[in-house]
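Both complexes shown next keep chain A, but they swap its partner, so chain B is in the first and chain C is in the second.
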Partner chain A sequence: MGKTMLPKLMAGLGLLGVIGAWFAGDSARFSANWFVWSILLLAVALGSLFIVALEHLTRAQWSIVLRRVPERLSGLLPALAVVFAIGAALGLAGNFGWSTPAFREALATEPHLHGKAIWYSSPFFIGRLVFIFAVWLMSWKLLAGGSMKQDETKDPRFSLFAKRFSAPFMWLFAISVTVLTVDWLMGMSPRWFSTIFGVYGFSGIFLSGLAATVLGILHLKKQGRLQEVRPDHLYSLGGFLFAFTVFWAYIAFSQFMLIWYANLPEETFWFHTRLTGGWYPVTFILPILRFIVPFFALLSREVKMDARRLSLVAVLVLVGQALDLYWLIVPELGRGVLFGWQEVAFGLFFTGLGLSLAEARMNVGKDLPEGDPNLDASLHYHL
Partner chain B sequence: MSHEAVLAEIRPKPLVVGEVSLGAVDDAVYAPMESKPPMVWWVALAFTSALMLLGFALIGYTFYEGIGVWGNNDPVFWGWDITNFVFWVGIGHAGTLISAVLFLFRQRWRNAIARLAEAMTIFAVMCAAIYPAIHVGRPWFAFWLFPYPNQRGMWINFNSPLAWDVFAVSTYFTVSLFFWYVGLIPDLASARDRATGKVQKAVFGALSLGWRGAARHWTHYEKAYMILAGLATPLVLSVHSIVSFDFATSVIPGWHTTIFPPYFVAGAVFSGFAMVVTVLVFVRKIMRLDHLITLDHMEVMNKVILTTGSIVGYAYGMEFFIAWYGGVPAEHYVFMNRATGPYAWAYWTMVSCNVIFPQLFWFRKIRRSIVAMFIISIFVNIGMWFERFVIIATSLHRDYLPSAWGYFRPTLVDMGIFAGTFGLFFTMILLFSRTLPVIATAELKAVLPGAQPGHGGHHE
Partner chain C sequence: MSDRPFLVLGLFQDADKLVHGIRALKSTYGDKLEAYTPYPIHGIEKELGIPKSHVGKIVLALGLSGLTLALGFQSWVFTTDYQIQFGGKPYFSWASFVPIVFEVTVLLACIVGAVFGMLVLVNKLPHYSHPILSSRSMPKITRDRFALAVSVDTAEDAARAEAALRQAGAPETEVVHGTDEIGSGPLLPLKPVLATVIICVLAGLGTWHLQRLWNKLPLISIMDEQTKVLPFRANAFYPDGQSMRPLVPGTVSRSAEYAAWTTPEEAGQMLVNPLSADSLTLAKGRRGYETHCLVCHGQLGDGTKLLSDKYTGAPANLHQARLKEAPDGHLFAVVTAGKNTMAGYGKDIPAADRWAIVHYVRVLQRALDASDADVQAAQAVAAAAPVAQGGSH
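Take a look at the complex of A and B:
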């Protein structure tokens, strides 16, 4: 009781608000909120899956001891497939960019948009959505499920399989994440395009996975579990968080600077929306929250090794990702900054849902991947 | 597959072959510095320095006649000059990636190859730096690129990415040189201690700055090395990003695309690793270092080539996708023209060398075959040169008005100067291989079995 009930309480209260928002009839706003939050949770799950695959691919040993946490977090994927399916059943996608009547008409009348007419044709769109979820679910089953089975069998052949599977997985991951970011983020503004956008999406996804992994580890440690994870391991995770914080800034800056510098109207309108009116301060806060604060915080060795301060940075990274998604999606409604009881309700609901699901996942399987033949090296990892 | 065979697959491999004592490492690495060069070295040096002199002579000819002796024309104002500049800067990136980035990631296998790779960085940047200086046409005004209060009352245009290039490349060169030198200090001291000749002793003594291997020296050394690695890492990313800005800040179709910075960096690492493999294939055999620079090292480098080659392939795909998706007719035209226009031969050379051939590295047999990796590394070198040529020539040769269309053909002077930079590069490598230790022995000794306290290699 008490603390463990809090996420469920949040989700319950939030759900009431979400239902209220549905009946309030502002369906565009409802959809925007729905996708901001479901893509945030998806980023956590996908980032975690990527961490697992990256470890296998590079045969990294230091992180084996903490691998169960991202494996469990990637287990949010089936639930998120359901969340996306509910979104589709509610017809939420119908409110966005590529499916608005105005853009549908433009597709028919403006010949230079013929590429988009094909890309955003319904069968192709739904087909690739099903495909990317199938890829993720299958990879999750193979990597996380296989690893948990290895606890019992102690069969080293799984480790070899995981290493081999992770290489083609990287291609599948790159393609599926690009499809996700093009369709569900860039597609919100269907006339806009940027070749770096898939990389931008990836940087946020990896950061979300890392931050959630840090929080998952520290949560278990608080319960007296996973004591094998020492400050040395946290330091290395913190180092990754630092590196990809810089990577995000690098990608975000490259995208912004090149579009700003070239000043071509077919590209600048996207940033213009975000640099005018109420969006200007949001655009200003985003790099402070996502780059400047975590950058200076994580420079210090003490912060990376200290559970409390590292968890604060990890929370900040997830808040930054939420704000980033909000900043990518909501301005496209063309109604200025939307923040009211509906946004609070969605925040409560999805935060509560995510925490409850993650909490439940944390009890799946053993805390350590005991079947991994290299676990010993990881337990003895020193900087 | 037996249980043991599976375990052997997933366990880390030893970083040196066989039992190597600390003294044997020194003997193997310092041997070339302490003996007379073999005939083959002299023949190679004669060849490379002749090429280098040819290049310098043709640069002199260019100064005398003007850059009209090159193939550059209207509308292809940038030709081999900038292609070669980007090519050489890119080659340099592998050295910093190996010596700095892999150091920060604690990849100990890098220790055996970091020294040579970083030396290649310095030599490649030297080759690269020639081109911006000579392509300005009036090289005696090249110092105008530097901002300082002057009697002309003029400042450089700080808004120009070409000016950013000057800062990026010169900073990168300076930091790489310092990083390399700091790493050399303990080894220079070993060379001093081993030297028998008076002159060698004096030179290595001066260069090793009084290093005695005291604990205090090591503390300072490790701190300095870590800080320089931390500085070199953002620098290596920024250099090729800024090179990509030379193109991407423009509004020329095919150049202005947001993925350029990370795509250029990945391509630079890709080409640099290929060049490191090309050189190491010979160095480890001829200098008898193949037990220290093992086949496993080569295999890992081939995996990096496969990875970065795939990232480059992703970027090619993304450019094409957005050209189709974006619906901007000029972009659409440029990309179709690349694949089917007058430079289609160059484009398909690029795609096959950069994307298709490196995929052979999916097979372990090929990753571990010296002949195969040598051939593929040459393909990658060619492909990455063509990448820059394709970007420059295809976008420029179709100007906005068909009346201003043209075609670029290199002249013999273009080719001679490019050959000259290869001469310079390999001359420097040949000189380096006989005068300085090509492996960082102090670092390598730290990864020998038994060097790690507590654990590492002794579990069974």
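Take a look at the complex of A and C:
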């Protein structure tokens, strides 16, 4: 009882703080926090959707027993569309990055920004945002919704359809995630550019989806549900986490090293902000939290198979993603490291919100995709 | 090669049946059991009671040593042994070390650790053969059968093991003869090795030729085609159609020298060595001398050239009285503008370094016929300070 209430309590308490922060008047800080946390939840939902599509596309059998968890987590998407809509209604996007008056003026006057003027023109920008959410919602409906329907109909044709749909989905996903990261993360520093940035965003999104899936499974197992998921399945998920932990480090370092080496002022300033003053320790901690600790933790087979230790790593991955987003967005306010009651309130609110939404989603449909013709093979999956 | 029964194989149809077989025979045969399967079956080592392999630890240890080695070596080279400036970066530029650290870590961990660890610990080098390899069942085991092997010594043993395997659910059994002593079995499969060598050589030659053709293809021509400014080429980008840009009127060079002298003798009257002969300057001078002058003038400056006799010039002996008495400016002018068959180094060596070389020539001149007093003075200095001071002027 007490445990299930906790997320709602956090969300409620946090909401008071968030409302307080709104009236405290520091709207730039409010927007930064809003985007850090809403993009974190979005990363969880999108990462889960990606896992579902990836498993369909490769016709993976091992993951069928646990597919319901990412399917349910991708069901956060409609709520997140609402969160983004509220953000837009509050005018949060107007606070910094590409939408500040100063940058708008520069777009009109500085010749080298002319290309960006088209990119950041309002109709194109809003059109993109609507488009990417439409892509995600539609894919979620088709993949997760279809799968739940298959429980009843037991129609094997859905599995074939899901496999076929997942191929174009990969293209759409690549494009939409690039738009998301370029507009809402790189766009916070609109003069800066890095061509690998979309991939960087993707690595964090996939990791978030994996970590949330692991936590969702272990949560259900604790309740005595989803006992069909055995250490063999956890091991494979842990392997995924391990691989993409390394992938994140590879991409993050590639981005840093090329910019550092070429030393072009129009690229280095972004890192310079993050390597000076209070941001330096944050930049230092980030790779430790996101790479070194999970890397060594996940090396051992025992950790990947052990529910308690694997869930610790998964929490760490999500904390790392939150810190990563904070590190991407907040320095652009140009006010040094911001950490106060507002940040705590936002953390409480969105963590509580995410947990309650996810908890509610965990009761949607059956725990196993019973209509999937290959479920049996998955139940008997051995490493 | 002895011909006693060595192994009895029971072939199971799938991994589950194999595991059941192991469980049935475990109590009787214990560590005499071994499994051979077409693909790795996780967890089977637990069923067989095989302790956890050390390969993981070896890989980790070697990976960490690769990391330390690569990081340490690069740090030492770039900060102490051979300092080179790259684009104004500090000598200790850890970020540029990372790719090599990564490579060496992976190399040691995977190739040395995993592959050699596997060869020794799992494949049991120096045993290079095993009777099972020449058994009838081997082709099946590499395809779709899961073999449980029982080690046996005698024919009676073998018969008992066969019966037990059949009872445990293996429809097929085979008794394999032989031993696993080192030196049994064929030494090296000659034909496959020869074939591999030939394929490697052909592939190497083929790639070498192909890539030369390949590089010429329009899209691939590796960096041959670039939209960059090349000297002495037409360039449509600039209004005057030239790629080389004229200097802005009134430009003043920061490094050009304005020589008011015309001959070394004149320079000797006009110029004074601007550097003091401290140990740093002398070290720099020595490096310059050894880089540029030593091949002709010799280690000691006595004119014994290292070049072959095809070089017909006669480099001057720098110890001749005239040159010992000549002022620094004279030597500087020779180094800058050359003399007769000696080319000038004004374009190649910065002025400060040329002056440092002159100091070092003085050191050579003085050192070759040092007096006893000089030697004593030098020893006294060396005893007083670890850094030797050289040159008196």
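Note that in this section the second predicted complex is superposed on the first by the 383 of 383 C-alpha atoms of A that agree within 3 Å, B and C clash if a C-alpha of one lies under 4 Å from a C-alpha of the other, contacts with A are read in each partner's own complex, and residues count from 1 in each chain.
The rule is short, and it goes like this: a contact is a pair of C-beta atoms (placed from the backbone, for glycine too) under 8 Å apart; a residue touches a chain by one contact, two chains touch by 3 or more.
None of these values were measured; they are calculated from a predicted model.
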So if we stack both complexes on chain A, do chain B and chain C clash, or do they fit?
-> clash
Name the contact category of A:246: first (chain B only), second (chain C only), both, or neither.
-> first
Would you mind checking which one, chain B or chain C, touches more residues on chain A?
-> B
Which superposed partner A:232 touches (first chain B, second chain C, both, neither) | second
Could you tell me if A:382 is touching chain B, chain C, both of them or neither one (first, second, both, neither)?
-> both
Chain B versus chain C as contact partner of A:261, first or second or both or neither = both
Touching partner for A:193 - first (chain B), second (chain C), both, neither | first
Answer with first, second, both or neither: which of chain B and chain C does A:129 touch in the superposed model?
-> neither
Should A:210 be classified as contacting the first partner (chain B), the second (chain C), both, or neither?
-> neither
Name the contact category of A:159: first (chain B only), second (chain C only), both, or neither.
-> first
Determine, under the contact definition given at the top, whether A:45 touches first (chain B), second (chain C), both, or neither.
-> neither
So the chain A residues that chain B and chain C both touch are 257, 261, 263, 382
Could you pull out which chain A residues touch chain B in their complex?
-> 59, 61, 110, 112-116, 119, 156-157, 159-160, 163, 167, 170-171, 174, 178, 182, 191, 193-199, 239, 246, 250-251, 254-255, 257-259, 261-264, 266, 373-374, 376-377, 380, 382
List of chain B residues in touch with chain A within their complex | 1, 3, 6-7, 9-12, 104, 234, 237, 241, 245, 248-251, 256-262, 307, 310, 314-315, 318-319, 322, 324-329, 362, 454-455, 459
Within their complex, chain A touches chain C through residues 232, 253, 256-257, 260-261, 263, 299-300, 382-383
Over in the complex, which chain C residues touch chain A? Could you list them?
-> 15, 41-43, 56, 60, 87-89, 95-96, 98-99
